[in-house]
Amino acid sequence: MSEDRYQKGIKNLKVMNPQSFKILEDNLKDIAPDLARYVVEFPYGDIYSRSGLDLKTRELVTIASVTTMGGAQTQLKSHIKGALNVGCTKEEILEVLIQMAVYAGFPRAINGVLAAKEVFENIKSEK
Amino acid sequence: MSEDRYQKGIKNLKVMNPQSFKILEDNLKDIAPDLARYVVEFPYGDIYSRSGLDLKTRELVTIASVTTMGGAQTQLKSHIKGALNVGCTKEEILEVLIQMAVYAGFPRAINGVLAAKEVFENIKSEK
Amino acid sequence: MSEDRYQKGIKNLKVMNPQSFKILEDNLKDIAPDLARYVVEFPYGDIYSRSGLDLKTRELVTIASVTTMGGAQTQLKSHIKGALNVGCTKEEILEVLIQMAVYAGFPRAINGVLAAKEVFENIKSEK
Amino acid sequence: MSEDRYQKGIKNLKVMNPQSFKILEDNLKDIAPDLARYVVEFPYGDIYSRSGLDLKTRELVTIASVTTMGGAQTQLKSHIKGALNVGCTKEEILEVLIQMAVYAGFPRAINGVLAAKEVFENIKSEK
Amino acid sequence: MSEDRYQKGIKNLKVMNPQSFKILEDNLKDIAPDLARYVVEFPYGDIYSRSGLDLKTRELVTIASVTTMGGAQTQLKSHIKGALNVGCTKEEILEVLIQMAVYAGFPRAINGVLAAKEVFENIKSEK
Amino acid sequence: MSEDRYQKGIKNLKVMNPQSFKILEDNLKDIAPDLARYVVEFPYGDIYSRSGLDLKTRELVTIASVTTMGGAQTQLKSHIKGALNVGCTKEEILEVLIQMAVYAGFPRAINGVLAAKEVFENIKSEK
């Protein structure tokens, strides 16, 4: 059944963010491969496969959370890319980030928008 | 035009959370009425009246942000109520809060769910 | 195998903190029983059953983390109790909390020590 | 010389906040008296006795910091009282707290103003 | 009237930090120009133009807040520059940052002082 | 006696982390040498020389705290090195960092492990 969770997580990651997870897995493989496995099993296997909320909304609330905590620009950019992958528009992502000015303060919101800018520009240059 | 922002904010608050704002306004009126006015003008007048994201999603990302920062249970409960007022289901709210275990950690997620529990029970007892 | 994780978690919780988990489980059962299940499976089933660090040290680093984040006094008190349950001395717990003044600042350290005080007094009065 | 730091700290505390420190010292005396001593020696002995910034400004920046971190309402109220004791006006304190809406977000600013409200009302009722 | 807020904000920014705002505005113009506008209108138009606290103290409490939240070095450096622009001395800024060791912990205070160092060196090399 | 604290701190730093402190001291010497002195006196002189908890556990709880706060990668890497210097194994350090996924969330845990990876690789390449 744990296998099952891992399989479910990998399946979600293939849709949501295969590139970012590949980078993370490569980074962790020699030092803490279990943490990469937990990422697959718990967030992507257990949580993102729950019903009750679509993947688009799940990525937007993740973006809100990671923007609010601060100091996690790599993960924020990864989830901005993930949000695009599951069908969020750039506008929706930016609206979430701008709204964070109210709750997490302007510095966090600005850092969030600058992360989005970087992701959007990378995507454009890849094409 | 600032009047306009205030009017827009009040209009949004009437839909989103008239009870919570009334309490806040009463609390602030003798000490910092300008802060209550800013709440109307900036979050509710400027931000929540933006297009690009519906009010339901806006309340869910706010819940994610306020859960993540911690130490703001009153505001969290107010936005859980606001989310219900704009049409979010209890299930959607709980899904956001449970998902926060991944990003903000289990203590924050648990505090979020307990806030929701209190709001849901208050609503039931009011009926 | 997921069953296995749950069983491992329950086994750890019986040693580490059966009372606090019972309260949490009761609190969550009507609203988010899955979150209680995740608490058993991920922290207690996956993490606390890992080798490489004894349970005493695991509880002390948890206390450091929860003290640092702030706004989670209930969870902090629960882990202070858990630390005692796995054999940490009061002195060891207090040393961790005092040390937090350096990294998380004096307000967090003071809130941590006051949480410990409450736990220690409850235990004394239970006897 | 350490004695000297303690004496300097006590001297500052007598001016800045003798009541709050008395409560803290009583709370800590049976459990972590060293933490109370460090409070005297490091913040009040070393830092608040530095030149280069007057005590009024020092209390205002402390209020900004403690409001921003959140989850430390007791310490925040203590420093609001301290700010009044060294000559800050209520208006100055409120201006700092309102300004925090920009950087720490509205929930933190509101919690800050509500802390000030409580302190101001207690002072009034004491008279 | 909203125009008015924008004008007031621009006027304050010209005194307080024209260079940093120019960079921010350029960064945001293609992606979220409204966020740049809100920066002008709310912090600089509404808040920094309030009476009751001089701009020097306002910048010092902002520095305390942004140092405490962490993960916002760009904004911190911008406000350190802003503080110098409105007449704070280097010593006053450093005193605030050093004091943060007490409330936000040593890592935050050190990161704050290193931000100040960078700003002060840039200014020197510009001359 | 203050001399005494400084001497005790330097003695601890020689065992715990002479290289990192040298870098910090050099960085601060022209701008805020007192902050470097406080680092010696308070954390290393007062706290790390307390009995009741061995240096290994002290470094592990510091790692937990600094990982949880986020936005302090330099200090985190410094304490990971410090932990190795006082005899913690790589495995123990990684176990603390992985455990942080539960309390501080996955982004903080991942940033923690990546900091450890960098430290471990630097050490290897130095040999």
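All chains are identified by letter, namely A, B, C, D, E and F, in their written order; residue positions are counted from 1 within each chain.
Criterion: a contact is a pair of C-beta atoms (placed from the backbone, for glycine too) under 8 Å apart; a residue touches a chain by one contact, two chains touch by 3 or more.
All values reported here derive from a predicted model rather than from experimental measurement.
Among the remaining chains, those touching subunit B and also subunit E are A, C, D, F. Copies subunit B and subunit F of the same sequence differ by a rotation of 180 degrees once their CA atoms are superposed, given in steps of 5.
Annotation: the subunit A:subunit D pair of sequence copies touches via predominantly the same residues, more than half of the used numbers being shared.
In terms of C-beta pairs in contact, the better-connected of the chain pairs C-D and C-F is C-F.
Rounded to whole angstrom units, the spacing between the C-alpha centres of subunit B and subunit C is 30. Per-chain CA centroids place subunit C at a distance of 39 Å from subunit E.
Chain contacts: subunit F has residues 34, 38, 42-43, 50, 65-66, 69-72, 94, 98, 101-108 touching two or more partner chains. Interchain contacts join each chain to each other chain, per the touch definition above.
Remark: subunit A residues 1-5, 34, 38, 42, 46, 50 touch subunit C in the complex. Those residues of subunit E lying in contact with subunit D across their complex are 42-43, 47, 50, 52-53, 57-58, 60-69, 91-92, 94-96, 98-104. Per the touch definition, subunit F reaches subunit A in the complex via residues 70-72, 94, 97-98, 101, 105-111, 113-114, 116-117, 120. Within the complex, the subunit F residues that touch subunit B are 101-108. Within the complex, the subunit F residues that touch subunit E are 24, 27-28, 30-32, 34-35, 38-39, 43, 65-66, 69-72, 74-75.
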